[in-house]
Amino acid sequence: MRKSKKILALISAAAMTAGLMACGATSQETAQTGQTQEAADTQADAAQDVAAEDAAAEDTTAQEEASQDAGADLSGSISMAGSTSMEKLANAVAESFMAKYPGVTVTAEFTGSSAGIEAVTAGSVDIGNSSRALKEEEKAAGVVENVVAIDGIAVVVDPANTVKDLTKDQLIAIYTGETKNWSELGGEDAPIVVIGREAGSGTRGAFEELVGVEDACAYASELDSTGAVIAKVASTPGAIGYASLDAIDDTVTAVALEGVEPTVENIKAGSYFLSRPFVMATKGEISEQNETVQALFDYLASDEGKAVISGVGLITVD
Amino acid sequence: MSSIKSSKIRLSDLILKILINIAAAFSVVLLIGILAYVFLKGIGSVNLTFLTTVTSTLKGTVGIAGNIVNTLYIIVITLLIATPLGVGSAIYLNEYAKPGKLVRAIEFTTETLSGIPSIIFGLFGMMFFGTGLGLGYSILTGALTLTLMVLPLITRNTQEALKTVPDSYRSGALGMGATKWYMIRTILLPSAMPGIVTGIILAIGRIVGESAALLFTAGSGYLLPKGGMGILKKILESGGTLTIQLYLSMAKAEYSTAFGIAVILLLIVLFINWITKVLAKKLDVNNME
Amino acid sequence: MNGQESFSIIGNRKQKSAVEKAAQGIFTLCAFIAILAVASITAYMIMNGTPALFKVGVKEILFGTLWKPTAAGPSFGILYVILTSIIGTTLAVILGVPIGLFTAIFLAETAPKRLAAVVKPAVELLAGIPSVIYGLLGIMVLNPIMYKLELAVFKNSETHQFTGGANLLSAVLVLAIMILPTVINISESALRSVPPQLKSASLALGASHIQTIFRVILPAAKSGIVTAIVLGVGRAIGEAMAITLVSGSSVNIPLPFNSVRFLTTAIVSEMGYAAGVHRQVLFTIGLVLFVFIMIINVTLNKILKKGDVEQ
């Protein structure tokens, strides 16, 4: 008696689980069909609005409609890994992309630029985020450098610091440990606490290369992420650090370099010299990737995507 | 040799007594201060949005629902793997194995496993389960790594519980013609259940508090699983637990989030402690019969 | 006991044997998985930790002082890292164990019952909370204090590199606080489990309470207390997450106000992105840590056995 009861229980449990899974699949389908319905409705409206505009606009709208149609059915997952400076961008893009294509899951790990490139080379992720240009050996391994945005590196100090402007030479002296006190730079008599990033960081690589202090820096602290650097500088009087421009908030002050403020305009104009590309690297060209990844890059190149990129404080590439 | 009654001893007595009181006062103030500080700093962040949504960069809100779900996933999957293994090992050691070198070797290795720092488990898990088995950053990788960590706990507790079952039970059942496995299944395991459950709850406590072993194995994903197949798929996706999210928020100086998570973790540990006490009482009652 | 059980005790012999053998086989398998796990972790650490020793050289790694793994001409000297772990753990234990032990004595022997009833659950709660929370407290509370201290102590120094409060001292304090609940809990259990006859005998002979505690109860609880110390040391040397952000993470001589790296924090900081020889050296660091733990476990267990033999 007991044995057969157990078997019955097992079978009903299996049946219920199967039922649940089937239900889940159906509800996803229903959701997708519902989406296609909405897309069709929007298409109808858009078509009416566009009727009055010129041929070029009609073409673009048709393209967008076509991608909307494809997008509603788009499903799959994209995995990213890499730079912590790109965290804000990656999260914002992932969120808005997933809102547009609910069947897609985008996940991102933030392990540092070098780790991201290594992961995409090994094939364990679809996209490797890097906040520096790729090295020759990385490109030779078959990784393609897709620049999606330009970012500035801001040199930050705590808000109480009176020094607001530094020259490149002063930066070099600070980071190599020659200048140890803010009084030598016209500031208060306070020791300089030199904060930087860990060795695999794209931000560090870009900073050291652009300033010219590669392998020569004497750091008091090597922190693991952009956020950590900003946090440390904000809470330590006399600290100086470098971090991605889009992550800067009002808890720190970004100093001007050679008299040029770190703003989007100055970076675009080229007068602020600390800027570096945000790369979403892929193994092989974009056209060789799967449908979902291609859709992501299309999205990034579209107006919607560019709006997201500028929305987080970065500069779009044309 | 100073006599018990000499006044010199009274002085050293006094000094020691003062030291004891100072140490105790220091510890008490420190420990209670920590609890109060964390609670006060964190309770402000804990609200419905915090507990039921996922962090949104576009909306600018913070939510740990994904992390709570990930923690649950890791607990369940780890226990699903570790409990049978741990209970099985304990049954072997207690019921089947002949005392001798083999048993001592197994017990020595179990003890050693429990002393290895969690970062080494994390390294091993990342290379062996993550890269070697190709699981990458996933809840499964984390669960397999944590299994190795909680195995000694469950084995030891089950062994203790089995040891408290009187031998008369065993001989009685065998004397009536029961086979060993039948005896274990129907007599031993039910009697030892409270002890086994205690081991499981202690394991849950360890799992909830673990961070170093999960950083490079389970990853930092914070999204909720999608419905239907997604619930099972989540096991193979990256999932950051509450402790990992605490560490990441702390590193980015998002202290209000960090303290909010700390409060939740405190409450979980409180709950686990309370349940352990309740079970311990039940165990005593069982033994007294 | 249900008489209607279809699988009767007096069932088919062949069926029974098959199930019996299967059950025994499964249980044996389970037990061996434990051995397999430890064996494979040990083997893995050795297999992955030793190549670097040959590639870079034992002397260069273990006794070198320069750690620049990503420079054009990399150097992998971890001497300072090893020293930091040894000195940091020792200091943390020296700070934490006496305070913990005396608090345990307080809780087990000299505290008024109601106070003990309130404090003991608090200590148990703290023993169970995740270690990262201690790190959080370290950053919020300790680092600012340390920075002020640092500014005061090194006011006119020309050579000191200021760290903003993240230094060895902060890490040691965090570790000491972290091992406090563990040491208190286990020592207290050990003290409580000393047979009351010993205590009453000593008191009956005219010894004071304090004398009884220190000359009778404490020695009797020796094995439990040594266990507490071993666990405390194990926790201190193996801790990574709590001290990563409070210890500074540069590789320096372990002086109190220097930004330092422990064996554990070295692994955590760089594992995410290390490649090639760099990664292999990180495994070597893991191996060194592993060896230390083994040495500590074996040594302290020997002390335990010796104590038992004497008794």
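Labels A, B and C are assigned to the chains in the order they are written; within every chain, residues are numbered from 1.
Definition applied: a contact is a pair of C-beta atoms (placed from the backbone, for glycine too) under 8 Å apart; a residue touches a chain by one contact, two chains touch by 3 or more.
Everything quoted here is computed from the prediction, not taken from an experiment.
**Q** Just list the two chains that share the greatest number of C-beta contact pairs.
**A** More C-beta pairs are in contact between B-C than between any other chains.
**Q** Quick one: which chain's Cα centre is the longest way from chain B's?
**A** A
**Q** As a quick test, compute the distance in whole Å between the mean CA positions of chain A and chain B.
**A** 35
**Q** Suppose each chain is reduced to the average of its Cα coordinates; what separation in Å results between chain B and chain C?
**A** Comparing mean C-alpha positions, chain C is 16 Å from chain B.
**Q** Please list all residues of chain B that touch 2 or more other chains.
**A** Chain B, residues with two or more chain partners: 251.
**Q** If you look at chain A, which of its residues touch at least two other chains?
**A** Each of 223-224, 228, 232, 235 in chain A touches at least two other chains.
**Q** Counting only residues that touch at least two other chains, what does the list for chain C look like?
**A** Within chain C, the residues that touch at least two other chains are 7, 245, 272.
**Q** Can you check the complex and tell me which residues of chain A touch chain C?
**A** 1-4, 111-115, 118, 177, 180, 191-195, 198-200, 215, 218-224, 228, 232, 235-236, 238-239
**Q** Spell out the residues on chain B that touch chain C in their complex, using ranges where they run on.
**A** 4-5, 9-10, 12-13, 16-17, 19-24, 26-28, 30-32, 34-35, 37-38, 41, 84-89, 91-93, 95-97, 105-106, 109-110, 112-113, 115-121, 123-124, 126-128, 148, 151-152, 155, 176-182, 184, 186, 205, 208-212, 215-216, 243, 246-247, 250-251, 255, 258-259, 262, 265-266, 269-270, 272-273
**Q** Mind pulling up the chain C residues that touch chain A in the complex?
**A** 2, 4-7, 68-72, 143-144, 147, 151, 154, 158, 160-166, 245, 248-250, 259, 269-270, 272-275
**Q** Could you list, by residue number, the parts of chain A that touch chain B in their complex?
**A** Residues 20-21, 23-25, 27-28, 77, 79, 88, 91-92, 95-96, 105, 107, 109-110, 124-125, 223-225, 227-228, 230-232, 234-235, 312 of chain A touch chain B in their complex.
**Q** Which residues of chain B touch chain A in the complex?
**A** 55-58, 131, 136-137, 219-221, 223, 226-232, 237-238, 251-254
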